[in-house]
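So the structure is just underneath, and the comments pick up after that.
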Amino acid sequence: MRLWDANGASVDQAVLAFTVGDDPVLDRELLPFDCLASAAHARMLHEMGILRSAELEAVLDALAEARRIALADRFEIALEQEDGHTALELFLVERAGEAGRKIHTGRSRNDQVIAALRLLIRERLVLLGEQIEEIAHLLLDRSETERETALPGYTHTRQAMPSTVGQLLSSVAEGLTADLELFLGPLALAHRSALGSASGYGVPLPLRRERISQLLGLERSDINTLYVQNTRGRLESATLGALHQASLTLGRFASDLIWFSSEAFGFVSLPVELTTGSSIMPQKRNPDLLELARAVPASMLARYTEVTATLHGLPAGYHRDLQRTKAPLLAGLRDVRALLAVMGAAARGIEFDRERCANTLREEIFATDRVYALVRGGAAFRDAYREVKERGADSPVRTDPESSPIEFLAARTHLGAPGTRQEEWIRDRLREVAARLQPNAEGAATARALLDSAAQD
Amino acid sequence: MRLWDANGASVDQAVLAFTVGDDPVLDRELLPFDCLASAAHARMLHEMGILRSAELEAVLDALAEARRIALADRFEIALEQEDGHTALELFLVERAGEAGRKIHTGRSRNDQVIAALRLLIRERLVLLGEQIEEIAHLLLDRSETERETALPGYTHTRQAMPSTVGQLLSSVAEGLTADLELFLGPLALAHRSALGSASGYGVPLPLRRERISQLLGLERSDINTLYVQNTRGRLESATLGALHQASLTLGRFASDLIWFSSEAFGFVSLPVELTTGSSIMPQKRNPDLLELARAVPASMLARYTEVTATLHGLPAGYHRDLQRTKAPLLAGLRDVRALLAVMGAAARGIEFDRERCANTLREEIFATDRVYALVRGGAAFRDAYREVKERGADSPVRTDPESSPIEFLAARTHLGAPGTRQEEWIRDRLREVAARLQPNAEGAATARALLDSAAQD
Amino acid sequence: MRLWDANGASVDQAVLAFTVGDDPVLDRELLPFDCLASAAHARMLHEMGILRSAELEAVLDALAEARRIALADRFEIALEQEDGHTALELFLVERAGEAGRKIHTGRSRNDQVIAALRLLIRERLVLLGEQIEEIAHLLLDRSETERETALPGYTHTRQAMPSTVGQLLSSVAEGLTADLELFLGPLALAHRSALGSASGYGVPLPLRRERISQLLGLERSDINTLYVQNTRGRLESATLGALHQASLTLGRFASDLIWFSSEAFGFVSLPVELTTGSSIMPQKRNPDLLELARAVPASMLARYTEVTATLHGLPAGYHRDLQRTKAPLLAGLRDVRALLAVMGAAARGIEFDRERCANTLREEIFATDRVYALVRGGAAFRDAYREVKERGADSPVRTDPESSPIEFLAARTHLGAPGTRQEEWIRDRLREVAARLQPNAEGAATARALLDSAAQD
Amino acid sequence: MRLWDANGASVDQAVLAFTVGDDPVLDRELLPFDCLASAAHARMLHEMGILRSAELEAVLDALAEARRIALADRFEIALEQEDGHTALELFLVERAGEAGRKIHTGRSRNDQVIAALRLLIRERLVLLGEQIEEIAHLLLDRSETERETALPGYTHTRQAMPSTVGQLLSSVAEGLTADLELFLGPLALAHRSALGSASGYGVPLPLRRERISQLLGLERSDINTLYVQNTRGRLESATLGALHQASLTLGRFASDLIWFSSEAFGFVSLPVELTTGSSIMPQKRNPDLLELARAVPASMLARYTEVTATLHGLPAGYHRDLQRTKAPLLAGLRDVRALLAVMGAAARGIEFDRERCANTLREEIFATDRVYALVRGGAAFRDAYREVKERGADSPVRTDPESSPIEFLAARTHLGAPGTRQEEWIRDRLREVAARLQPNAEGAATARALLDSAAQD
C-alpha cells in the first residue's frame, strides 16, 4: 500500500506497472545512498528537536540494517510500494515505529531521490575515475616497452608517416586523462546537498540544510529550493555526457584493436578471453568483447538523448516524466564499468607482433621525411613538397633501403613525437587530474561513515 | 558450456556478463519465435532428407514444448549458455538426441536470430496496430458525442479560433490512422524470410529457402545472403521509427490532457486511476500516468538512436556490436504497449466540463470571423484583415453577445472543419489502413500453427 | 514590412534574425512549391466566386513568374519580409493588385507552408528514388561481371567463408531495394492535401478542399483541420527516417570500400576523382569522398533527432518551435542527393584487383566446407563441427591445394548464395518497388503543369 | 587550385561541392583564429631559424591584414581552394612570397584546424559565459523586486505549495551558475596547444611546441601528437554538451514564460518585441521568440548527436568524416548566442501582474502548511499528513481567510526557501564561478595581441 493512495481507487495492475516502471529494481541500487541521506536527515531532525535521542538511535540502526540488506542486493521492494523511498519509510516505521513516521518531516520524495542520486553519482564517478587512472597507467607502462616498436601511422586508413605502438598506447592514456578531467564538472555538481528543497518550495520549518551537507561530506548545500528540483535529469545528463566522452576514447581504441588484430593487419593478438567462437564456423575466433566495447558509445549517446529529450519543453518543477531519467543513468554507469573491465583486460593482455608491425611500413610512408630533408637543406616547405610529389612517391627516400624505421623516428625529437620519452609527462598530468577527484572520494567516505559507525554501535 | 568454446580458456565471469549482456533475459521473449522458425527449418531439413520422419517428430515435439515453457516465461537460460539460441539447441539435443545435433544444419545463430526477430516484430506490430485502431475508434466515438462541445482552438498556446472538443479527439484519431500507415513499411520487411543466409555467405547444401518462407506464412524469402545479415539492426530501427511516430501522436495528446486538466484550464477531469498522490502534499492528485506517456517519445528517440548509431561506420557482415540492438527494440515494443494501455484508459475515462470549455472562449477569438464577414461582403481578405486589426481586436464581433460559439462553428462547413460530421470519413480511412495489416496477421497465424498442430499431435 | 506587425513596435534587428532564422534562404527552395499550391488555391477561389477570371489570370501569371525566378534561385526574400510566404503575397499584390490581396482568403501561413513542404517532399523523394534505383541497377550490372571474383567473406572483420565481389555488390543493390520500399510510407503521407486547414481550425467559408487536392495531383485531402497542423514536423521526420535508412546502406558500403581500398586489403582501387591529397604528405591519396559518405548517417540521425525532439512535449496546434524543423529537412534532402552522386560515381568507377581478392582467401576459410562434406556424408552437423574443430582449423580442407575458391562456391547452389545468378531476381523486386513510386511521380507532374500551362498562355 | 591536387584529374563539380561542404562559408568564421595560430607558428619558425626577420614581418603583416578582412566578413574563399586554411596559405604566398611557401613547415591542415578551433572555442565560451553571468545578475535584480510577489508553486502543472515570482527568477539564476561551471571542462581542454602534432605523427624538425602555447596565451601544450588528432570532434562535443546544458535551463524558463503569459495563467506580459502577429487572425500576439528559444535544446541535442555519432567506430587518426563536425559546432555557438539575446531581453522586459499571481493561489495549496502546523504541535509527520488528507484538502487551512499568502511564506525561513533573501548568496557563487573563466579571457587577449601589435607596427 502506498502511503498517499486515493481512497479505494482500484488500481489497474498494468497501469501500475507502467507507473512504477523499473523502480523496484533500479531503486535497489539507489537505496544504500538513500539510507545515508536519510541518516544525515535524521541527525538534523534530532538536532532540531524533532527526533528524540532514542528515536534517532532507532532510526539509525534501522537505516544501517536497511543499507546492509540493500548492499547485499536483498532489499525487496514490492510493486505496490511503488519505489524504494516509500519502501524505506515503511521499513523504518516497522522497525522504529513513531520515529519512522517522523522521518519524512521536512522532505519530499522529490528531494530524497535527488539527494540519493547525487551521492550515488559521486561514489560511482570516483570509482570509475580510479579505474580510468589505472588503465591509463597500464597503457603508459606498455607504451614504455613498445616505444621503439615501429608501426605505420595512419590517416584516412592509409599509411601516412612512421609511428610506433607506444605512440598509439600513449595517445589513449593522454585521452583518458582528458576524459577524467571532464568528470570534474558533474562531480562538482554532485558534491552539493539537495535536501531541504522538499517538493521545490521548501517547508515551514527551520531546517538546517548546511548541516546536512556537512554530515554527508558534501562541499555545500544548493540554495534555491526550486533550482534543486530543476536539477533532476540535469546532473544525470552531465554525468552521462562525461561518461560518453570516456567511452568514445575507449571505443575508438577498441576499433583500432579489432582492425589491427584482423588477418589483414596482424599487428596484435588478443587475449583469448576477449574472443569467442562461431556456432557454424569451427575456425573462428572473434573479437566479440572489443566489438561490444566499440558499441558502448552508441548506447551512451542514446542514454544522454533519453535524459535530455525528456526535459525538452517541460516547465519548472517536478513532473513524473523525470522518473524516466533514472534507468538510463544507472545503465550508463553499469555499461562504463563493464567497458573499463574489458579494456583493462585488453590493455593487459594484447601482444604485438613487432616484426609484422615494422615490416608493414611501405617505402612511400617516408615521403614526408624526404620533404623535410629538403627543408633542412634550406628549401621552402611548399617547394620541397612539390618536388617530392613530382618525383613520385614511390622513388626511394631511404638511401640505405635496409635502414630501419627507427632511424627515421629518431629524427622526431619534439615534444610528444613518436618514439620520444613522453610517458612520464603524461603520468604527471594524469596524477594531477586524479588528485582533483580526492575531495569527492573523501566526502564519499565521510558519508559512508555515517552508518558504518551506527552499525558498530 | 557453450558449444564452441575455446579449449579450456578460463572465462572471466565479469567479462562473460558483458559478453552475454541481457540476452538470457531478452531471449526469453525471443525464444517462442525461435521455436517457430526452427520448426519450419526442421521441416525443410526433413524434406531435404537430412532429418528422418521420426527425428522431425521428436524435434517438433521438443520445439512445441520449449515454446510452451517460454510463453509461460519459464524457460531458463543459463549464463554459460550465453543466449537463447544455444539454450534451445541444447534443449533439443537433450530431448531429441541425434536429431537435436542436426538442427543447426544449414543455418547460423546469425540468421536464426534475424529470423526470430522478424517473426516477433510481425506479431507485435500487428497486435499494437490493432490496439491503435481500437483507440482511434474510441476517440471517434467520443468525438461524435463532443462534436458540439465548444473549446478554444489554440495556436502558440493562445486562443486562436473557436473549435470543439470533438475536433481535438478526431485529430488524434486521424493522426493514429497515419501512424498505422507507417507500420506498413517495417511490416513489409518483417514479412520476409531470412533463413538460409547462415552467417552471410550461405552453405554448401541445396537449402529450400522459399519453402521455409511459405511454412512461416511469410510473403517471400530475401535473396542475397549477405544482404540478409546487413538487415540486422535495420528492421529494428525501421520498427522503432514507426513506433516513435505513434508515440509522438499519443505523447502530444497526453500533453494536451495534462494541461487541460490543470486548475488553470479545467476543461477535463482524468480518471482517478491515471493519477497518483504526493508523499508530502495531502491535497495533490497528479497526472503521473499521462506524464509518463508524454515522456515515451524521448525514450523511443533514444532507442532509435542506439540502434542506428551502433550501425554507423560498420563494414558489411555480422559484428558483435549488433547484439546490442536487441534490447532497445524489445524495450521499445514494451513501452508502446504500455503507452497504448494508458492512453486507451485516458480515451475512455476522461470527462469534459462542457460549460467551462465553452465559457473560456474570449471575445477576441472571433476576430477572424469578423474578417470573413467582411470577405463574404466582398472585401479583399487582406483589406478586411487590416480593418479588423485597426478597429482593435477587443471590439465585439458578436452582434448578440449572448450568441453561442456553436453558431460560429456552424459557419465552418468545409471538409474537416470543427463541428462538422467527419468521424465516418476518418473511420473509413482507418479501416482501409487496418485492412492492409491483415496479410501479416494471417501470416503470423500460419506460423503459430506450425507448432500448435505439433502440440496437438 | 511584414503584413501583421504590431503598430510601431521597434523591432530589434538581432532578435529579428533569430525569429526569421534561415527562412529567407531556406524558403528560396520552398517557394517554387508554394507557387504551385497557391495556383491550385487560386483556381479554387475562382471556382468559389472569390477571384474573378481576370484576377485569376493575373495571379497565375504572377505565380508562374515567381516560380521561374525562384527556380533560377533569384527570388530575393528580404529580412523584414520574414519568410517566403509573405514575400510571395507581397509579390502578388505588386503584380496583381486587388487579386493579390485576396490570395490569402481561406488559408493561413500555417497550412501554406505544410502544403508547399508536402509538394517538395513528394518531388524530391521521387527524384532520389529514381537515383537509388539507378545505382542499384548499376551495382547489379557490376555484380554480373564480378560474379566469379572470389573474395573472403568476413564476419567480425575476420575471414569467415568464401564469397565473391558480386555477392557484396548485389547485397547493396538488394539493400537499396528495401530502402526504396521505405520511401512509400512518407510518400503516401506527402500525397495528400493540407490546404483548407488554415491555422488548424478551418475558416467560415465553403472551401472545396478536395478540388485543390485534385488540382495538385494529390491522392486526396486530409480531413481534420487540427490534424493537418499536427503533421508539421511529422512528415519531415518520417521522410528523414526513410532517408536515414538509405544513408545507412550506402554509408556501410562506403565503409567497405574505404577498408578494401587501403594498403592492408588492396582489393579495390577508387576512381581518382573520389580521392584527394594531403597538405603535408606528398604521397597520399585519401578516400575523402567515401569518408564523407560514411559520415552522412550521423548527420541524418542528427536531423531526425532535431525534428522529433522539437516536437516532444508540445500540445496540439502550431507553435513557432516548428519553424525549426524546416532546415534539417532541407539539409537532409540535399545531403542524400550528394551522397547518391558520390556512391553512384563509386559504383561506376571502382576497379577490383581480382588476383589479390582471390589470393587473400586463407586455408581456414574453408573449414565450414569441410564440416558440410561430413554432413553430406551423413554426420550430424554438431558432430561434424566438433570433429573439424578438434582436428584444428589449419589442417587442409582442400584435397587439391591448387583448387580454386570458385569450386567451393559452386557447391553453394541455393537461392542468393555467393556465386549464384541472383541479379535478375533482385532486379525484378527493384522494378516492382520502383513502379509503386509512379503515382507520386505522375502527381508531381500534374502539379507542375498547373503553372507550366499558365506560363504558356 | 588546391595545392595537392592529383595531376590533371578533372574534378567533377558536384562531387567537389560535397567534398568542400560548407567550409568556404564556415571557415570565414574560423579564419581569424587561424591567423592568430599562424602568427604564433610563424614566430616559432623564426626562432627556429626557418623564417628570417623580414620574412616573419611580411608574414605577420599579411596575417594581420587577413584577420582584419576576415573579421569584417570579407575574406572570400573560392570553391576550388576547398577550405580556409588553403586559402590563407595562398594569401600569404601572394603577399609574402617565399615566406608564404614556408608557413606550412612543421604543421598540417590537420593540426592547423584543431588549433584554430580551440582558439575560437575559448573566445566564444568566454563571451557566452559573460552574457550568462549578466543574465543571471539581471534575474537576481528582478528577484529582489519580486521577492514578495506570491505565485503558486507548481509540481506536475498543479498547484503544490505557495511560492513567489522571485523564487522562480532566482532558481533560473542559480541554474545558470551551475551551467557556467560546466563551461570549465571544455574551456580547460581548449586552453591547450595542438600545434606541432602535424597530421598526428609529428615532423622531423625540432619544433618548440611549448613556445607556441605560450605565445597563444594557452595554459600548456598537449603532448602526444596522435592524441591531439584524436581530440578532433571531442572538444567540439564537450563544448556542445556544455552549451546544451545552458540551453536546457533557458529553454525551460522560456517554457514557463510561454505558459504564464497565456490567457489561461495571465501572470506575466511579454515585451512586444518578443512577440509577432498572425497572417490570418488579426487579434493574435504570439510568443514566437520564446517558442524559438524553447526549441533550441532540441537543436543542441541534434548537434551533439551529429558530432559524436560521426566518431563512433572510427579508428585513431584523422578521417575526412571529421570535417563534418565543424558545422554543428559553429551553428551551436551561434544559436546559443541568439538564445541569450532573446532570454536577456525577456529577463529585462517581462512584467508581472502581481494581483493576478496572488489571487490564483487556491485554498488547498496551503494543505501542507496545515500538516506542518500539526507537526510543530508535536505530531509525527506521517500522522499529520493522514489527518489533513482525511479531513479533505478543501477544508480551510487559513483561520483568517483574508490572510495573505505572504504570511505563509514568512514561515519558510530556511536557506533558499521562497520569500527568503537568497539573491546575495547566489551572486557570490556566480562571481566565484565567473572568476574561474578569467584565465581563459586573459589568454584570449594575449592571443589577439599577437596580431594587434603587428597591425600597429
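Here are a few things to note about the model shown:
In this document, chain identifiers A, B, C and D correspond to the written order of the chains, with residue numbering beginning at 1 in each.
Simple rule for what comes next: a residue touches a chain if its C-beta (ideal position, glycine included) is under 8 Å from a C-beta of that chain, and two chains touch if they have at least 3 such contacts.
Keep in mind the model is a prediction, meaning the values are calculated, not measured.
Shared contact partners of chain B and chain D are A, C. Using the mean of the Cα atoms as each chain's centre, the chain most removed from chain B is D.
A count of contacting C-beta pairs for A-B and for A-C identifies A-B as the more extensively joined pair.
Chain B and chain C, compared by their mean Cα positions, are separated by 24 Å. Once the centre of each chain is set as its mean CA position, chain A and chain B turn out to be 33 Å apart.
Chain A and chain C have CA centres that are 37 Å apart. Touching of two or more other chains is recorded for residues 3-4, 104, 155-157, 160-161, 198-199, 203, 259, 278, 280-282, 285-288, 291, 294, 297-298, 301, 305, 309-310, 312-314, 319-320, 368, 385, 389 of chain D.
Residues 2-6, 9-12, 14-15, 17-19, 21, 85-86, 104, 107-109, 198-199, 203, 272-282, 285-289, 291-292, 294-295, 297-299, 301-303, 305-306, 309-310, 312, 319-321, 323-324, 328, 338-339, 341-342, 345 of chain D are the ones that touch chain C when the two sit in their complex. Against chain C, in their complex, chain B makes its touches with residues 3-4, 50, 89, 93, 98, 100-106, 110, 153-157, 160-163, 167-168, 170-175, 178, 181-182, 184-185, 188-189, 196-210, 221-231, 234, 237-238, 241-242, 244-245, 248-249, 251-253, 255-256, 259, 294, 297-298, 301, 304-305, 308-309, 311-320, 368-369, 372, 375-376, 380-383, 385, 389, 408, 411-418, 422, 425-426, 429. Put simply, chain B touches chain D in their complex at residues 155-161, 258-259, 262-265, 278, 280-288, 291, 305, 309-310, 312-314, 362, 364-365, 367-368, 371, 385-386, 388-389, 393.
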